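First chain written, first letter: the chains are A, B and C, and each begins at residue 1.
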């Protein structure tokens, strides 16, 4: 049920999207204990020659990991999630300072995911 | 004012986006009684040969209907909305098990939609 | 930390994305006093010949400014933000009636943005 959206440079997407996908999913399992078959990700590559996404920094490798999930975790658990995501992405060679994570919470009844 | 975002396979988008658009809008009218002229949708086609969106299943026809709307409906009303969306999409040949709906709620003052 | 997503016609994007980027950022500074280096925007151009985003109106120049930010501002401050965004976009020739702004709020601990 958690929805993960990943905006990332097209080259990084081409070379490493499987590792990134697996890494973020593993972070959710390790930090929050989500079921292993609860994987729900959308990747959106962008072209750095397009000035988008646009930051004040000139870093070409920004990765934005948007999370939408049910409000049921403590602040500590959420921080552990960010830490595990950074750890997993770090192993793939993505610098933590290139990662941004905005999280939006909703409730159990704010999802249709296969059954009513 | 409700914002609807639809991520769907490019072929499905080409063939049926008008029916999908009309169906989701009709579901909002039938379940929530929104005004008929309150239609606010963004479609984002994806190419299934790209492994995105990426699920554990291999289903090629995943349709993600993201909803952002004002917090004013009961749980029952929201479940009726999901049911009507599935009904409308079912008529177009989209299997309910291929549909995911994440909903995010905000407040009346969290919109600019034509007047301050 | 505020995340800004801008969906806009491709021609408008090509011609004016820098002005739009600067204008929205200035509106955030003027209305909310965010730090000048806190710029975090994703632009997504669409092709108007695609019927997306799809509204009941036939306006070709719809600009959707999605905001995700920490819940800490008053209603008055948020309305001032919308007003400043409309003012800045108006200077670039974008009609307020072509602009939609959905806002989603979260909390301080719902972000990773460079430090844990």
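The definition used in the following text is that a contact is a pair of C-beta atoms (placed from the backbone, for glycine too) under 8 Å apart; a residue touches a chain by one contact, two chains touch by 3 or more.
These numbers come from a predicted model, not from an experiment.
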Interface residue identity across copies chain A, chain C - same or different by half: different
Superposition rotation for chain A onto chain B, Cα-based, multiple of 5°: 120
Inter-centroid spacing, chain C versus chain A (mean Cα positions, whole Å): 22
Chain C, residues touching no fewer than two other chains: 104
Chain B-facing residues of chain C, complex: 7, 46, 50-56, 64, 75, 78-79, 82-83, 85-86, 96-97, 99-105
Sites on chain C touched by chain A in the complex: 1, 3, 17-18, 21, 37, 39-44, 68, 104, 106, 109-114, 116
